[in-house]
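Got some structures for you, see below.
In the two complexes that follow, chain A is the common piece, with chain B as its partner first and chain C second.
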Partner chain A sequence: MNPHANMIIMSSLILGPMITITSNHWIMAWVGLEINMLAIIPLIAKQHHPRAIEASIKYFLTQAAASSLLLFSIINNVWNTGQFDITQSTNTMSSTMMTAALTMKLGLAPFHYWLPETLQGTTTMMTLILTTWQKLAPLTLLMMINQSLNTSLLVTLSLLSMMIGGWGGLNQTQLRKIMAFSSIAHLGWMTMILTLSTKLTLLTFYTYITLTTTMLLTIKLLETNKMSTAMTSWTKSPMLNAMMMLNLMSLAGLPPLTGFMPKWLILQELTKNHMTIIATTSAILSLLSLFFYIRIAYYSTITLPPNMTNYSQQWRHKNQQKPYLPLMIITSSMLTPIMPTFMMIM
Partner chain B sequence: MALSFKLLENVFLSSKCHRQNALHPFCGPLLTNCISKLYSSYRRPGTSPDNTPLWKMNFSFENGVDWIKKNFGLLKKELVDHVKGPEGRGFEEYFLEQTRVVWEFRSQKDLDEWVVSSDAEIGGKSEAYLKLGKNNQTALLFGTLSTEAPRDGETGYSGYCAIRAKLLKGAFDTKKYYDWSNFNSLYLRVRGDGRPWMINIYTDPYYSHQKDDLYTYFMFTRGGPYWQEITIPFSKFFLSSWGRIQDDQYPLWLDKISSVGFTLGDKADGPFQLEIDFIGLLNDRAHTEEFAYEKYERNPKA
Partner chain C sequence: MLKIIIPTIMLIPTTTMCKPTQLWYTTLIHSMLISLLSLQLFYPSLQPIMNFSNHNLQQNQTSTPLIILSCWLTPLMILASQNHLSTEPLSRKRTFIITTIILQMLLIMTFSTTDLIMFFVLFEATLIPTLMMITRWGNQMERLNAGTYFLFYTLMGSLPLLVALLSLYSNTNSLSILTMQLSPTMLKNTWTNSMWLLAALTAFMIKMPLYGLHLWLPKAHVEAPIAGSMILAAILLKLGGYGIIRIMSTTNFLSKTPYYPFMILALWGIIMTSLICLRQTDLKSLIAYSPVSHMGLVTAATLTQTEWAYTGAITLMIAHGLTSSLLFCLANTKLRRIHSRTLLLTQNMQLLLPLMGTWWLLASLTNMALPPTINLMGELTIITSLFNWSNTTIIITGLGTLITATYTLHMFSSTQWGELPQHIKIMTPSHTREHLIMTLHILPMMLLMMKPELIWGPLYC
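Coming up: the complex of A and B.
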């Protein structure tokens, strides 16, 4: 890409969520979302492959629809309350519409259909940005208006997301689509606890970013996009392949890995608030996601010669060292024992 | 707004529009011999418009019940297959298979999965037919190619015949796709007459501006009594749109394949025959090419 265009796009991509996060005025927050959306469209379509173009159009249409719904809800809120302050969004109908708009931007069920297709059509790095950085601004807005959100609606959307995230990823063979459904399920966990404890939502979000970034960087380093090529990726880097298994277990939420920590705290918080049935349902629904994470780990790491696979070895390109990856792997695996530190901070 | 235009179009009872389009969204399954037009109201050129008046339409409640039973049955099967694995088969089978037969021709039902077309649709004089071969073991595509252009003052060229597999439909006529990402070659067992054919793979993109995109390659048949086993790697397929090869070439992505077709357009008048035993897929481990066509930067900077 032209370096000047690249500079403008990257700076807009960083600027957009920053504007949204730091604003108190609804219009400024909306402007930040728009800048962010427009900046990422050329990045999604960078390859110019027909599927990449299709992914960018799907992303644009969904985000534009969500932005227009958000703007409509903002105007409605202003009409009813007379002010643009984000934290004073008290009108019920506006809050509901804002919930719908922001969940559409995040890719929560039932507005999740665009996410797997968009992630599948683009590169691994763009998948990383779409699943991590792009969630920052909408989730921040949800956290800012959490006091006026309908808990029942959010819990319903969360449970639906966990169910669809688990069910949809069950027989996927493309790793980017699996990460999309993983994202949907994790967002379900984040929004479940939003009205009860925003700090837990934030902790879950940071943990999710760490795990997803580690996983996608591993996928990029191993140059594998499908489960079939993941089966032969151990020849490139056996240690990284083994760590990928740990990272997958962490994503699944198995103790004593990092991913278990937010799930444990969320279930504890739900139980404290007498939402035991919802907590139990969430724990059971996470088993669906666990199944496909274990499946990837089994086929990529546990299935080794002399059990011959059906796939030939891949081309071995020059290994692009990522010096921060070992640190991220440690962070994504070993944070649970220092959970009391996080509790104190929170 | 699009929905309001669609509704206006449907309820506008003029002699020039299809009256039954107004009913199809609501009671299509109840009509006898109703073809679902959920995707478009396209009428194939050469077919006469259906102007059956309303009072002559045969409404059948049984048809509606059968439609509901069939589609809920398909939905149940899809849900069960989703649990089993990709495309309803277990993961072990998915990972271990090296070959797969996708289309074979053993009965009329197999032939019904294909659509035959020729330039008769635009007024040409070619003919194409598809029937079962000897002992119901093969499909025989035969006919006559004529390059005589129709005299409509517009068309300058003519002379093509084609067959294409029908699109896969799921429950409630949802689109379904083939996932061929486990394979790297198309395998055909055919017996031709020496003519060159084009094989087209359609990936059914989501948006209409890409609907004419096809991935194409050539199949050169030998004449003679012996069967020909042709293996074409997917890396060889090039991108064309509306019949024109694109400057920017991209590899074929195999996770969302919609249809395969064969086209004959070699500008040679006369009869043709192509006998197809089966069309399958192959994971050729000796083939390591990812994409056959390199992209060169146009107007490179010095």
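Coming up: the complex of A and C.
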């Protein structure tokens, strides 16, 4: 890409959420979201083939609709409360509309339809940015207005997200679509606990970023995008392949890996608030996503020669080493014993 | 306690760094030394001195035999796996041994922890190495299905357990086993309390397994390699029993109605699974169904919450662990020779492998609970306590014992007596290693016959 364009786009991409996160004024927050959206559209369409362009158009349409809904709810809020302060937006109707708008931006059910196709249509690094960096701004806004949000609405949305994230990913073979559904399910866990404890939302978000980044960087290094090519990834880097299994189990939330920590704390918070049945339901729904993670782990790590499945040999290129990946793998597997530190930090 | 845990963890670097030719016997000798160290945990059982405790890791007489059993089994697993791993490359051999060692470490910590949430985390953590063992080193295509069944059955039960423990925590603000045992709560028979009990017990019932929830067990045991089968049968099932004992010592319902479904399934399961064993053609499957009936006895006993019941349950758990593991090793020796698990393909092995026939005989005798083995002590104690609870259970338990003896005898006579099959041309003689494994299984059983107080649990005075 043209270096000038690249510089402008990259800096806008970083600037957007920074403006949103650090603002008190609703319009500035909205401006940050818009800058972010405009910056990432050409990045998604970088490859110029029809699938990427379709992905960027889908992204644009949904995000633009969500932004306009957000702007409308901001104006409604201003009309009712008379001020633009984010933390004091207490009007019920506008908070509900803001919830709808922000969950559409995040990709929560029932507004998730754009996410799998957008993540599939673009490169792996763009998938990484879309699932991690793009979630930062809307989640921050949700956390700032969390007192005025309706708990039942959020719990409904999050249970629906967990269901869709679980059941939707079952039929997928493309790894980026699987990461999309995993993103939907994890965002469900994050928004479940939003009104009860924003600390835990933040902890879940950080854990999710670590795990997803590790997974997508592993996928990039092993140059696989589908389950069929994942079967031969053991030839490219056997150790990383084995560690991918641990990372997948961590995404699924199996103790004693890191991914279990937010789930445990969320369940504890829900149980303390006497939402026991919701806690049990959400815990069991996470088993659905466990199935497709385990399936990837089976295909890539566990069925190795001489017990082979059908696969076709691939071109092997020089491994693009990512030096920070081992550290990320350790972070994604071993943080549960130091859980009290995280509770203290947040 | 650290003097057992730290050497176990350090065995992992030992495995990665020792010379290739010395891999097997280095790990074997070191794990044997660790199990020798673990034997001193028996000391507090004999005198009322608590030397080995701190705030987080403690053992009492319930958990000590299980810790020692898991330490004892690791060298046996390493011994038993040598044959089928001989064709694998070195790094995979090392990975297998490291999986075994991680499993031992997790099991030691599971049995000695004092906090119920830590127990839960470690209970779940044992799933991952076991899953790796079953699906990575099993032999047939069905092992993937077996691994999925194993994982999902256990997790389906244990996620409600987590919520139940957390709700107990929000009520009592402490999940330490020590304080909970001192103040068993009187629970009224409300729907909420029954649901709590269901959530808390289901995970352990699935692990035990209870009869209706046992479908993962034959799959997992049959598809697992020998080390996986050994550790599954000997220790991982007893995790369920240990969990039930811990939970049941702390809850006390005013009316015992919530326990009835579990009791009924357990008692009925004893008969049903013993009958299923009689009809099996697959040797490993036969041996896999027998824990269900023995553990049915244990489940029914622990649900009655009396002193004799707990004593019998713990005794039977240890005795059955050793016996089942021994039977799996014997089946593996047969599998290695004819590469098939069919029961009737090798008959009259007593002629060809006489010393192995002795081990088959001893294993069968202990499985059918011959006096004076510890199996009989456990079963008789349980039957007596169940009779005290309700007189008619004697019919079920007596019938169960009879059918157990029947299928064990059927298994023994099918493999050892009969007509020599014509199609076997080559039968390699038994290795010394195999005899060593069998001896190391039988020796603890014989020695425990001499001093069974060691495994009689905390309620024996």
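The rule is short, and it goes like this: the second predicted complex is superposed on the first by the 345 of 346 C-alpha atoms of A that agree within 3 Å, B and C clash if a C-alpha of one lies under 4 Å from a C-alpha of the other, contacts with A are read in each partner's own complex, and residues count from 1 in each chain.
Everything that follows uses one rule, which is that contacts are C-beta pairs under 8 Å (C-beta built on N, C-alpha and C of every residue); 3 or more make two chains touch, one makes a residue touch a chain.
Every value quoted in this text rests on a predicted model; they were computed, and no experiment measured them.
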Side-by-side fit of chain B and chain C on chain A, or clash: fit
Chain B versus chain C as contact partner of A:Thr271, first or second or both or neither: second
First, second, both or neither for A:Lys58, with chain B first and chain C second: first
Chain B versus chain C as contact partner of A:Ile284, first or second or both or neither: second
Chain B versus chain C as contact partner of A:Thr336, first or second or both or neither: second
Where the C-alpha centre of chain A sits as vertex, the angle toward chain B and chain C in the overlay (nearest 10 degrees): 100
Touched partner set for A:Ile74, first chain B, second chain C, both or neither: neither
CA minimum distance (chain B, chain C), superposed complexes, angstrom: 10
Chain A contact footprint on chain C (complex, rising order): 91, 95, 117, 120-122, 124-125, 127-128, 132, 135-136, 144, 147-148, 151-152, 155-156, 159-160, 162-163, 166-167, 169-170, 199
For the chain A and chain C complex, residues of the former touching the latter: 238, 242, 249, 254-256, 260, 264, 267-268, 271-272, 276, 279-280, 283-284, 286-287, 290-291, 294, 298, 301-304, 336
Chain B-facing residues of chain A, complex: 47-51, 53-54, 57-58, 117, 120, 167, 170-174, 226-228, 231, 295, 299, 309-312, 315
Footprint of chain A on chain B - complex, ascending: 82-86, 91, 94-98, 179, 181-182, 203, 205-207, 210, 213, 239, 248, 250, 253, 255-256, 283, 285, 288
